[in-house]
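Across the two complexes that follow, chain A remains constant while its partner is chain B and subsequently chain C.
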Partner chain A sequence: PPSQAALSQHGLSLQMRGSRSKTLHDRALVNCQYSMATFSTGERKRRPHGDRKSNEMTQHLKQTFEAAILTQLYPRSQIDIYVQILQADGGNYCACVNAATLAVIDAGIPMRDYVCASSAGFIEDTPLADLNYVEEAAGGPQVALALLPKSDQIALLEMNSRLHEDHLESVIEAASKACKDVYAVLDQVVREHLQEVTTLLGE
Partner chain B sequence: MASVVLSEAEKVYIVHGIQEDLRVDGRGCEDYRCAEVETDVVSNTSGSARVKLGHTDILVGVKAEMGTPKLEKPSEGYLEFFVDCSANATPEFEGRGGDELATEIANTLYRIFNNEGSIDLKSLCINPREHCWVLYVDVLLLECGGNLFDAISIAVKAALFNTRIPKVRVLEDEEGSKEIELSDDPFDCIRLKVDNVPCIITLSKIGYRHVVDATLQEEACSLASLLISVTSRGVVTCMKKVGKGSLDPESIFEMMETGKRVGKVLHTSLQKVLDKEESLGTTRKKVGFLG
Partner chain C sequence: KENCRPYGRELGEFRTTTVNIGSIATADGSALVKLGNTTVICGVKAEFAAPPADATNKGYIVPNVDLPALCSARFRSGPPGEEAQAASQFIADVIENSQIIMKEELCIANGKLAWVLYCDLICLDYDGNILDAFTCAFLAALKNVQLPKVTINEETGLAEVNFKEKTPLNIRKHPIATSFAIFDDTLLIVDPTAEEEDLATGSITVVMDEDGRLCSVHKPGGSGLTGAKLQDCITRAVTRHKEVKKLMDTTTESVKLK
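What follows is the complex of A and B.
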């Protein structure tokens, strides 16, 4: 079963919700929330958000998108990105990043490049791309990579467990390739959608 | 609750239209918006349903877990409701912003299911006093477009209809200790009877008339509403008045009659859709979230 995430992007807002002290004078503030539906995981989750794991994911998303969005263009504003996981089967963070990229593009907010993410692991001496829940639960090393594909710049790289440094390159390579594949799909979807919309608006 | 800001002129326009039984989108006072219901959308659950009523989007997941029966009802299982207002619906729901609305909805759900007729809790019992099925019904609000309670109750009924609880056998060995064995066949399961599960009908008082299935704009013009929980036979199980304004007793009786009428029609339509989905079985093309 695939991981499904629902996304909403509340665009630019010139009035700051919450504390005004968070306003940045020279760029936009990126505000994220990562929330999982209680029925999304195999075992029912008691709190949709507010726990440590969700807060950590929220921070990761914020970091990733601050690197990609051209925040200098919108001083004293706030961009809200809310991600809702509907079904979790591994690669939650990566699904969120891919969904959020599309949402930001849909909202018309300028970015340096698409942000594509993929996870990768190392099981039985083989690098594996895009781990599912069972592979993640196996306990081997996992790498989460968020990439800006055209410039090959890494927006976020996270690894847990232990991995011998000799294998690191092949694992990151596997994740990179998966990111570029995701980029191809996202790009095609955006172009198709744009064609549809311009055809409907045109003439 | 999420609300829109309307000018006085817009409110007057809506109120006057409704006095003539003509709403802004062309409906009559007793018409529902076009609703889409789809079950079995989340695979990690025992049962799930998604309901889209206009701009209101609700996702319900039911998970069946084993637990101990409550002390005062030792040979019955029970239902637990949890509502999550997603920040996707409106930014006000970020963090703990949606908690108040969520608790209100969850409490209403507890009340309407708090009678013996709604659902057969005895079928959820495995071992009296020791083991029973607990159904965790989780409601996720994805978008608020008015008339939340109705959409949520429809989704809950559809999800309960879709719920498949695995069959278990209780094995007792010589020492008297019981072991629970799950059936090997994943398709061997018990289904719930949802014939008596009530649905909530919200009737909003606007001017001198009342409307069913109010949009956000209509809710902004209404000072008082009546929530009625009606079963498929037209039996009213629970009633609640909400809103800052007041209702006179005659209006309440009128609204109740409308609610019973509309409720019966709603139940028949919903059952038709659910039966149709059921009959298609595995050949049904699932739309899920890509449509």
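What follows is the complex of A and C.
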């Protein structure tokens, strides 16, 4: 989808700045920040972060990655994940999750599995996977799903608007399939990158 | 000693420069510039505003630089730090000094309505020499801007926007920045990386336009520089201008062909 997100990870830091009280003695603290560029939306966005929607997104990302990263391996440390949306065209949360997965892998931080996300909706009795801005704005029910593809475990599921329970399964099915497709792409990219890097290092 | 830098780069050589124009569809104009690892993106959004009271026939160009925590571990999240604010002011000065656009051309109706161009520059990866990258991205994004035709309805006094008729901005001058790091008053290296900047004792940025005119010389303190060295910087800036202008023209042409 044309939503573009830029991501960076600063690896692990021994938690020194900020409140010492937030340090967890037995695992790493995952800290996320979600920010939108002012030119990312149709109308210029005056508050890139700090508003309610951004804070909610930040919380969701944090919860998703706390479920996936093996935080017990890094007690008393902090992992910072910063996501910046450059162009928003629907599926912002999903683009962030996919980008963050790649960044965490790039940083060498171990995870249980890739986290792949996709949205899905239900328009005119048809489940639709990966909604764009126009489809989201239409106001129908939407589901955002973050999946750990190998084990088929759901890291995060969010639904808004109203959907009849009979249709829920097909919508989740559509989102799951899209997640697995994303997983195939991410996995291929990671393997290609790894091959490139090891070839360069070997020289 | 060997007169070159890590990875065999010459003292007067720039890193590989990449320009990508028009990638952000939600912005009215956009450009992504990479100088080696340093990556910056500029997005321009055009909005309406009332012209300033003391210059009723002018519009506004508002640059804003953001150095978010994601571009480098040296930045924390929060309000813009010193470096971001200084960079914003630098870009604002370049706009004023180089007269890149006549603000009068941004006016739609004298005293009533004018365009305001919000130019947001975000650094995505900080590896030194952000001023050069920002100036280049800013110029490229402005060249990409297409403003729709606006007419004021005589009867209602409201603005009518015709999105089907778009015209590009009239870019009068093309300022390009060239930055140097100074070591111990004697050694000058062009396009410093973050590591080189941290070790340098001073820095200087020269902004030139295509007519060989100096738009700005920015030397914020640091170790001294002789007149002769300054002249060397200016000479290098002239050659750099040609390189970058050629790159930008090629990129703009390729975007038009689509």
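Going forward, the second predicted complex is superposed on the first by the 200 of 203 C-alpha atoms of A that agree within 3 Å, B and C clash if a C-alpha of one lies under 4 Å from a C-alpha of the other, contacts with A are read in each partner's own complex, and residues count from 1 in each chain.
The rule is simple: a contact is a pair of C-beta atoms (placed from the backbone, for glycine too) under 8 Å apart; a residue touches a chain by one contact, two chains touch by 3 or more.
None of the values given here were measured: they were computed from a predicted structure.
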Superposition on chain A - do chain B and chain C clash or fit: clash
Touched partner set for A:Gln87, first chain B, second chain C, both or neither: both
Contacts of A:Glu135 with chain B and chain C, given as first, second, both or neither: neither
Partner chain in contact with A:Gly42 - chain B first, chain C second, else both or neither: both
Which superposed partner A:Asp181 touches (first chain B, second chain C, both, neither): neither
Contact residues of chain A, present in both the chain B and the chain C interface: 4, 6-8, 10, 17, 33, 35, 37-42, 44, 48-49, 80, 82, 84, 86-89
Complex contacts: residues of chain B adjacent to chain A: 42-45, 48, 59, 61-63, 65, 82, 84, 86-89, 91, 94-96, 136, 138, 140, 142, 288-289
Chain C to chain A touching residues, read off their complex: 23-27, 30, 41, 43-45, 47, 64, 66, 68-71, 73, 76-77, 118, 120, 122, 124-125
Chain C-facing residues of chain A, complex: 2, 4, 6-8, 10, 17, 33, 35, 37-42, 44, 48-49, 80, 82-84, 86-89
Of all residues in chain A, those that touch chain B in their complex: 1, 4, 6-8, 10, 13, 17, 31, 33, 35, 37-42, 44, 48-50, 80, 82, 84, 86-89
